[in-house]
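Should a chain be cited, it is by its letter among A, B, C and D, assigned in written order, with residues numbered from 1 in that chain.
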Amino acid sequence: MSEAKIEYLLRLGDSALILGQRVSEWIGHAPIMEEDVALANVALDLIGQARLWFGYAGELEGRGRDEDALAFLREAHEYRNVLLVEQPNGNFADTLVRQFLFDAWHHALLEGLSQSHDPRIAEIAVKALKEVTYHLERSSDWVVRLGDGTEESHRKAQAALDELWTYTGELFAADAIDAELVAQGVAVDPASLREAWLHTVQAVCEAATLTAPPADAWMQSGGKQGRHTEHLGYILAEMQSLPRAHPGARW
Amino acid sequence: SAQERAFQERIDAGIKIEPKDWMPEAYRKTLIRQISQHAHSEIVGMLPEGNWISRAPSLKRKAILLAKVQDEAGHGLYLYSAAETLGVSRDQLVDELHAGRAKYSSIFNYPTLTWADIGTIGWLVDGAAIMNQIPLCRCSFGPYSRAMIRVCKEESFHQRQGYDLLISLCRDGTAEQKAMAQDALNRWWWPALMMFGPSDAESVHSAQSQAWRIKIFSNDELRQRFVDQTVPQAEYLGLTIPDPDLKWNAERGHYDFGAIDWDEFYNVLKGNGPCNRERLRARRQAWEDGAWVRDAAIAHAEKRAARTAQAA
Amino acid sequence: MSEAKIEYLLRLGDSALILGQRVSEWIGHAPIMEEDVALANVALDLIGQARLWFGYAGELEGRGRDEDALAFLREAHEYRNVLLVEQPNGNFADTLVRQFLFDAWHHALLEGLSQSHDPRIAEIAVKALKEVTYHLERSSDWVVRLGDGTEESHRKAQAALDELWTYTGELFAADAIDAELVAQGVAVDPASLREAWLHTVQAVCEAATLTAPPADAWMQSGGKQGRHTEHLGYILAEMQSLPRAHPGARW
Amino acid sequence: SAQERAFQERIDAGIKIEPKDWMPEAYRKTLIRQISQHAHSEIVGMLPEGNWISRAPSLKRKAILLAKVQDEAGHGLYLYSAAETLGVSRDQLVDELHAGRAKYSSIFNYPTLTWADIGTIGWLVDGAAIMNQIPLCRCSFGPYSRAMIRVCKEESFHQRQGYDLLISLCRDGTAEQKAMAQDALNRWWWPALMMFGPSDAESVHSAQSQAWRIKIFSNDELRQRFVDQTVPQAEYLGLTIPDPDLKWNAERGHYDFGAIDWDEFYNVLKGNGPCNRERLRARRQAWEDGAWVRDAAIAHAEKRAARTAQAA
């Protein structure tokens, strides 16, 4: 039982960490200085959330792995983040559309998890939900601004949406881990989030004059099960380089 | 002139000058130069530290570093706002930076080569910055003084975090970690001392700036204070300051220290530091790559305003 | 004595390895398919040379460090390559101008080392010299082609030359290690290579209608002593990721 | 027609067709499609393996991998040359690839996720390719047949190197390394079987191609041969082939194996594989980014020719 829960917590933590890592690559290079602040803020929130999920996962596991052991000493195939968050930053539209597609899901998920029968999960979800409410507001605003901005920004936002869409399918696909925890009232059924997500996405796309790709398009999957895209290995090589070079050191 | 006399009397009486008040053109210009240079330093300063966000070795340290770099962006923003009260726009100031006409603190032209550099920057660079800036909390220009109060509060926090990082490496760390810290100190010590600017004998503008209370202490005074404060901190870490001439002078009640290589200082200032070109290029690139985003934001705001107007 | 020689061998090996690593980033992405082959060829030669230098260094050191321990288990500050080779690939002109500036020096250096009193060094240098003769021919040809090609290629080649020039100074700067080995007839005095190098560079620049920056321009240095640019850390993080993640494993 | 009959008789007699010989238009077209598809596969195939050059875990393995990817570029070049003898230019063929109109082997639309994938590609993907290509060394079209002889020689070398890499992981390696290899086999096994194409019942063009001797064996025959060869190799490595239906059939003298998921095959073919978009994008980008280089090379060659002409 506990094993499924650990796996589930790693999925939550890994998605938050990898997106936080990606977003933080922007800092110092944002198109507007206010965005250096905003991007750092989102990255900080996500990394903070990852720490909470990892902390709980490590405790349940009881093998002495703390948040840093989980973040820095697992390989790509042991990571459980969704594929969406490991996609490259690309241009600002790619980054903000990725953020928006994730936020809309993350928000619905955390709303659900704040009702979890596991009080620790519920508590973390409540805290994270406050942050993610702001994330979603911000990324929605940007998608609208870019979609309904200039011709160039519209083209870029639409291209980003078309490109990233294929990674949204697995957000709603349940596997045995989900099923087990849903049955216990611990987790949320991913499929149940889809309607709310699609509703948000369609509303924002409409305001942004963007066209959401067909809901039944071909979808990639595998991230939650540890089958990633070629990008994750590079992210981890960089992120883990220092702890890996100094085994056992503390920082 | 009478106006100028009255202005100087207000300053001497410790009354703040506010943007709407009359002020001599030279006072305005000097302040714009000083404040914008400071703002640019915050913005360019994001780069050397940002270089290690993706490689921070623990999640806690990563969060601390992210928050610090975020604060720097924030400081840049207040400082540009303070400068804007003097009748110049942020875009104009940023153009000057990108064109290579405006200065920023030379210290950011050195590379961050190891994780220990992040701690060392917090300890020494923020330490020196605070030393320079605390007096400016009492400077004569209201918006600058208020910005400095806020900035100093956050920076002293950063300095403590930097020092704490070094404690982890030096007192609780492995031999390699301590060596990393010593190497960082070796590289950053002299550049940090140079942050206080040329020695008083060489320094231009100082007298007038002191009369206007936009410079409170002399460069050499502040540098001495910094050395006196820092030496015991290095001792606590068990690190050796890379200056064979450094020793306590009981008579003066201060540490004596070796001669600074001003050639290096002027060389870096001239653009020959290890990272001058890269720093400026990174900022320019961010600006150029972001043009379409700023255009989109403006276009959207205009569309929205037009729609609102039409609806009304 | 041996210590200086080990250091010297690491300098040779590290420059070859890091340039080989950089060049190999191009494979699969070259502007002309024939260049995928040629770039791979240069990278292969350089990595082969690094293996020979490291092998000898490891033997002299006698602490059981083989070529892989030297390549994969040293940190950036222990690397002794010149700064030039760690500079980013940039566009094809940046890569080929970097290669040319390096090849012209490398060729002169290996010519000298093939007369080394250390027979092992001489032997490796003779072998490497054959390869580098071709490298220099190829990179010279490309510099001429790009410099005397279109307006765009000329501009890019000149920009690359201006950008990289500052990293050529340390190629000719001797330090105590060099002095010690020169006195023993083992190494070549770096300063003695400068004239031949400058001659090659000027001849090629002339044919390429490019202007070499002033010989007395400000020069960066530090690579040979382990003070690098910010780029090297990223190169090593990626290159070393696998051996670092599996301490003690053999591949 | 008489020409066609004579052509077929030459083929049946085992005489090679050379570019200057008369040939039916359909033969020419089929060959162009087949050879260029093969050339494209070599070129696109550089990408998944190239992905690990920078991260190869030993210098020897790095050199081997570099040499292998270099060979692939070389194979691409001969094969385009062989196609060019049929009256089509390399640039035209490459345009077709970049426009998404030409195919390449679907196997390269799978990602290389770990170092074990590099060994597995050598072992299975090169193994399957050789199985497909060895018969083509005897194909009717001279240039293609000669190119295949050279390609096959190098590929069997690659296959041995790939298998050797896996021996290091599986027989001499740690538990993690062996697990990495098993995971790679799990992901590559079925795609490798699909490399032989649809089962004979579904396969189009086969009969004509066999008559022309540009296809020698049927897809299913080759696939069976591959399975029979590979199973004992997997056993030697101590790896489990991810097919519960796999077992030796003493009666047939072959291994029986499970049903292939042809939906996946057609899906990847349609563009929905994990990396289709990325592979094509990488090749297009290389081409577009390289335009100025090609232009420069042409411009320089023209200048040089003009100078030579003037001097003469």
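In the analysis below, a residue touches a chain if its C-beta (ideal position, glycine included) is under 8 Å from a C-beta of that chain, and two chains touch if they have at least 3 such contacts.
Keep in mind it's a predicted model, so treat the numbers as computed, not measured.
Visitor: So which chain is the furthest away from chain A, centre to centre on CA atoms?
Guide: Computed centres place C farthest from chain A.
Visitor: What is the distance, in whole Å, between the centres of chain B and chain D, each centre taken as the mean of its C-alpha atoms?
Guide: Taking the average C-alpha coordinate of chain B and of chain D, the gap between them is 58 Å.
Visitor: Between chain A and chain D, what is the separation of their C-alpha centroids in Å?
Guide: About 37 Å, centre to centre.
Visitor: Quick one: report the Å distance separating chain A from chain C, using the average Cα coordinate of each chain.
Guide: 41
Visitor: Where in chain C do residues touch two or more of the other chains?
Guide: In chain C, 75, 233, 237-238, 241 touch at least two other chains.
Visitor: Would you pick out the residues of chain D that each touch at least 2 other chains?
Guide: If we look for residues of chain D contacting two or more partner chains, we find 55.
Visitor: Which label fits the chain touch graph of this model best, line, ring, star, complete or other?
Guide: Topology of touching chains reads as other, fitting no named class.
Visitor: Chain pairs in touch?
Guide: Here the touching pairs of chains are A-B, A-C, A-D, B-C, C-D.
Visitor: Residue numbers of chain D touching chain A in their complex, please.
Guide: The touching residues are 51, 55, 111-114, 180, 183, 187, 267, 272, 274-275, 277-278.
Visitor: Which residues of chain D touch chain C once you look at their complex with the stated criterion?
Guide: 43, 46-47, 50, 53-63, 66-67, 69-70, 73-74, 76-77, 80, 115, 165, 168-169, 172-174, 176-177, 282, 285-287, 289-297, 299-300, 303
Visitor: Help me check something: in the complex, which residues belonging to chain A touch chain B?
Guide: So the residues of chain A touching chain B come out as 17, 21, 24-25, 27-34, 36-37, 40-41, 43-44, 47-48, 50-51, 54, 67-68, 71-72, 91-92, 144-146, 148-150, 152-153, 156, 238-239, 241-243, 246, 248-251.
Visitor: Mind listing the chain A positions that touch chain D in their complex?
Guide: 75-77, 163, 218, 220, 222, 227-230, 233, 237
Visitor: State the interface residues of chain A toward chain C in the complex, per the touch definition above.
Guide: 75, 233-234, 236-238, 240-241, 244-245, 247
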